[in-house]
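Chain IDs A, B, C and D follow the sequence of writing; residue 1 opens each chain.
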Amino acid sequence: MTIKISQNFDSGAIEVLRADSAAEIELNLRKDNNADIHQWFHFRVQGARGQQLRMRFLNAGSATYAKGYEDYQAVASYDTETWFRVPTHFDGEVMTIKHTPDTDSVYYAYFEPYSFERHLRLLGEIGEHPLARVQDLGSTVDGRDMNLVVVGNPDAEKKIWIIARQHPGESMAEWFVEGLVDSLLDDANPIARKLLQRCVFYIVPNMNPDGSVRGNLRTNAAGANLNREWMTPTLERSPEVLCVKEKMHATGIDMFFDIHGDEALPYNFVAGNEMLENFSEERRVAQQAFIDRYKASSPDFQDKYGYAASKYKEDMLTLASKYVGHHFGCLALTLEMPFKDNADLPDPRVGWNGARSAALGAAMLQPILLSLDD
Amino acid sequence: MTIKISQNFDSGAIEVLRADSAAEIELNLRKDNNADIHQWFHFRVQGARGQQLRMRFLNAGSATYAKGYEDYQAVASYDTETWFRVPTHFDGEVMTIKHTPDTDSVYYAYFEPYSFERHLRLLGEIGEHPLARVQDLGSTVDGRDMNLVVVGNPDAEKKIWIIARQHPGESMAEWFVEGLVDSLLDDANPIARKLLQRCVFYIVPNMNPDGSVRGNLRTNAAGANLNREWMTPTLERSPEVLCVKEKMHATGIDMFFDIHGDEALPYNFVAGNEMLENFSEERRVAQQAFIDRYKASSPDFQDKYGYAASKYKEDMLTLASKYVGHHFGCLALTLEMPFKDNADLPDPRVGWNGARSAALGAAMLQPILLSLDD
Amino acid sequence: MTIKISQNFDSGAIEVLRADSAAEIELNLRKDNNADIHQWFHFRVQGARGQQLRMRFLNAGSATYAKGYEDYQAVASYDTETWFRVPTHFDGEVMTIKHTPDTDSVYYAYFEPYSFERHLRLLGEIGEHPLARVQDLGSTVDGRDMNLVVVGNPDAEKKIWIIARQHPGESMAEWFVEGLVDSLLDDANPIARKLLQRCVFYIVPNMNPDGSVRGNLRTNAAGANLNREWMTPTLERSPEVLCVKEKMHATGIDMFFDIHGDEALPYNFVAGNEMLENFSEERRVAQQAFIDRYKASSPDFQDKYGYAASKYKEDMLTLASKYVGHHFGCLALTLEMPFKDNADLPDPRVGWNGARSAALGAAMLQPILLSLDD
Amino acid sequence: MTIKISQNFDSGAIEVLRADSAAEIELNLRKDNNADIHQWFHFRVQGARGQQLRMRFLNAGSATYAKGYEDYQAVASYDTETWFRVPTHFDGEVMTIKHTPDTDSVYYAYFEPYSFERHLRLLGEIGEHPLARVQDLGSTVDGRDMNLVVVGNPDAEKKIWIIARQHPGESMAEWFVEGLVDSLLDDANPIARKLLQRCVFYIVPNMNPDGSVRGNLRTNAAGANLNREWMTPTLERSPEVLCVKEKMHATGIDMFFDIHGDEALPYNFVAGNEMLENFSEERRVAQQAFIDRYKASSPDFQDKYGYAASKYKEDMLTLASKYVGHHFGCLALTLEMPFKDNADLPDPRVGWNGARSAALGAAMLQPILLSLDD
């Protein structure tokens, strides 16, 4: 059988330059549909059972986060459900995956995908739970629904907001939300039950459905990086942010979490608000307390490695967590998970993955509960 | 909350004329993307929990198979997994669904959908079974993979071919295949084991992935009705047929089944080859024997109601089962399942559905086995 | 670790003569608790991971059905759920199992067990189905409940009776019933739905719970072979038969099936009523028609090998199916499944097992439906 | 149908005085098989569908822990898998359950049972996990296996011992262990992975299998309260303790937990070692730190309500946790869960139950990890 490479499915993305033999496959990372960004990939290879595939990504060196391919192992799956890591090498220019598939059909991706269909099924299950509602906030550029999950009583004292996947290729962010929501709706989870005595959760599982389906890394269908749109979102360019921002101002916010993935750092960490003008000592203490509690809740979480505060510029209020921290004066964190593995607790077989992201999401309930009165 | 109707998801299809109140929703059935056909619908309604929806399909009377809406009940789901029938009325011009949803989000469709993601997951599972292989035959107009499932030893004496869903809105056809393949790969199923001693199965679970994802009823992305393309398929207009036809001629065929749904008739039945010139008495007897065995195998199957032989015209060899019957001189049947219910064994709660289609698929193994030597 | 052999659990039965080393284990088959019968075994071996066990059953040659160990492979399981066959040899005197377990704990048995807990869970699930009821008929010698499953409307035209596991070591009989009942209660099964339009099913999943829990092969707690008690059952010796027989006379019977396992023959077959005085030509034809339909329904079923009619003696009315055939003048069959494998369709990995027994049970619905008017 | 009450199944226990009508059922709590203790009950009622059962436990006032019936609601199940609370009243003499079952067969129990079959299945699953082993330590009075689960590397720095269900009627203790072990073996659980870098867990899921199967509350088959046998266990009277104690001395212990249920207090709490002579200030601090961490880990855990230290007498070293604390000088706690509900976080529908016990078990991993270096 000849080698066939395809990508017309949810979040599929690749360009095939050459695939005439298993050993000589040449690929290019495909750009986001409307922006000069290339990094994400997701494709299917057929016809290579028992042959060693040698797949070279020729333009990896010019990728948006080329450092993301250093010490990185790609993920693969035969059944679209179980994903594992495969040997991957990056020489600074070309990234090469070598793998001998066991079956006729195999998928490779930058990270374990979270599909739009799974997204809709998650909303469906949540919507049938007596403690939860699913609301519509508006529509994306492509006309997909922007859904908000509301767990708990909207009149509750504390409003907790969680948004995920502004950058659609960061699929770990939606796995994180699935884990968090499953725990929040678990009758036998005492932390969840305590939280719902005082809190309502507003959760946007996917801020960027269009980019997710299209296989973009960072942008929506209009080419906007949504996490630079929070000051002046528009209906044309960033309706996804516009509708969520409006709802936030309608409900108020007491804690905010924006869930992301980081291409380069092999760690889980948060970026806080210490660079904001109105960031008081009290808030600094509260922010650090939250971080410390999260470290206790999950050894997958740490605060040794992360972003330097100096990274942020004048336009930083275009970012969701800075915008929220500035306007609502509350705890507002950007949470980052690795595309690679957690170097503190590596699992070479699967690396960082959907299940571990979900566990990290579930583990965030404890620091939220312990920080409610900070 | 205001009413929101959306359709940008797998097989979504509707046009909204007016949705300002739950009681006054006006819709139009949307055309297939490239053909003057309208019949299929699949959409999501948000914001109507506890309100009676009254949804009027204004152009139902001009639908391709308007009779399909007589005595028809639409299907609905809250979670995209469990589907049930809802009160539906057709006055010859307008079809009206009245339903009060229990949750904030509800889906309505012409028939229980079978998504492309489920299709790929099915292929993934099959591909890991030791008795099965998944082959690539080519690509659709939109660049999706045309996959063939091969169960059993290609050198086996008898080649059984099954294709499904040439008409993409006939999603029951892929449920049928899923049920058949699950049974065929079940170690504890003695009929399957007997069959695989002598047969190899070539199965195309979905002949029209593009039309399926696009929410078409009858045509592929190029606007072709694939079941009129079997004489002269082309790469531009009907690559889906072209690649399958080539493979058929490469393998030969001893029995052939083309799985469909019928919009009007509330029965399961087959259309045979009695109108073919080369249809011998021997084949007539064999065809009827198969039908009788299928009736014994499944009381959901019957042969009292069906298509008149006179329905077929000169161009009938453009149809898959006529083409195969003519060229291979073998048993070649078009199987039709209802969009409505099986009037012989009605289940008002769910009507004819995915599970019953799957059971009918599983039940076809018995008449195949008993007819191997006809 | 030293070798440890134990048997104090549901249906456990073995006597350990010597187990000081993995290679030199000597066992005796244990007698039924109150009868001079030994054949069934079920025990757990601990401490042998990675060591070849050589287990010799010294009294196998004097077992009740010593021929049952010819060409027989014992079953084993690590998790009590997945069972597989292991190399077993019988020299006419001693049966020897050789097996190197993968884990520290492994179970061996004569056939895949069906526990009393699973029995109660099955009743629990059935009892919640809208089409079924669970009735109490009385108590066993040890005080366990004798339960009757009633599926369908008691006023229905045809009364179908099925009893299983009079001989408790024939656990395949209860797997058979589980498969049959699952199919009967499956909304998507058209044969079941047709049957329930005209029939009520009275099913006793386990005629001998005491013997089952005690690990007996053939007898109840009082030492009675229940399938020799149908003429004069007593409350002291065979209350299990007494209460079922009374209920049968209260409901009447139109078809009767008594589900068993046969130690020697590697086939599925039935024993009929041709030796009964009142067995008419009409009944002979009907009986053969049922058999032929069952063969079509399941290639695991056959009628080439079976019991000679001459096997039955004057006291044959003490057997359930003869008693019923005599008194009710209806189709009354004893169905036998192998402890070994089905030689017509062998599967060396698992032999005949629970899943295949369940499939054979499900497959019996078709010949019942087709024979209703015989 | 007449009312039938039965109890011959795993952990069944009741005495029926009168059951001639649903409204007038009189019962007595049955004694432990070899001790003058009555408290536990578990029985099945048949024939009462749609009738209000009024079941009076006449000897409840003289029960071993009569206060356990104050503000207590019994549990019930139709399918033996889903358990819920039913209206129960205790007047100091007689306990009365009033309940109208939905189906023909219903079970009532003192607490959600955990059967011996589930116990063996749990061991089977654990034994197949690459990180775990199942060892045999000896046999009970009745000849059941005393199994030890070993998770992690026996050469690890820290030895964590957990034993459960010395008192067999305290079935929540085995649910607790199941939850803890499931978490410990979960690849995606970072706390478990951190723990297994430094610790080996020795876990006895059920210290008293005989009492569990027999439906005893507090004693083994010989009538011994195992938690009073730790000074001088004997092979005749308390082999269960003897073999575990020997293994403990062979491995050493760094932390010890003995899992129990308390009949009276509606809280989760631990009893510590402050009454021991060798209990240093350092250990007091470490013990309180563990308690505080557990409170953070699970809001179902608290330390406001519990046992007074003065409760313990001279013979206190006969208790497992006191014995271990005394001999090994380590953290050694008896953990108690309620039979009733957790009054801090009540769930009237199910009360305290198996799922919540499992969650509390899973939640204990965090305080163990955080206390490793105390």
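The working rule: a residue touches a chain if its C-beta (ideal position, glycine included) is under 8 Å from a C-beta of that chain, and two chains touch if they have at least 3 such contacts.
Being a predicted model, the structure only gives us computed values, none of them experimental.
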item: Minimum number of chain-to-chain contact steps, subunit A to subunit C; value: 2
item: Chain whose average C-alpha position is farthest from subunit D's own; value: B
item: Self-contact between copies subunit A and subunit D, residue sets same or different by half; value: same
item: Separation of mean Cα positions, subunit B and subunit A [Å, integer]; value: 37
item: Subunit A and subunit D: spacing of chain centres that average the CA atoms, whole Å; value: 41
item: Between subunit B and subunit D, centroid-to-centroid distance (C-alpha), Å; value: 54
item: Junction residues of subunit C - those touching two or more other chains; value: none
item: Overall pattern in which the protein chains touch one another (line/ring/star/complete/other); value: ring
item: All chain pairs that touch each other; value: A-B, A-D, B-C, C-D
item: Complex contacts: residues of subunit C adjacent to subunit B; value: 186-191, 193-194, 293, 296-300, 342, 345, 347, 350, 353, 355-356, 358-360, 363, 366, 369-370
item: Of all residues in subunit D, those that touch subunit C in their complex; value: 1, 4, 6, 8-10, 44, 46-47, 77-81, 103-105, 115-117, 120-121, 123-125, 127-128, 133-136, 139, 142-145, 147
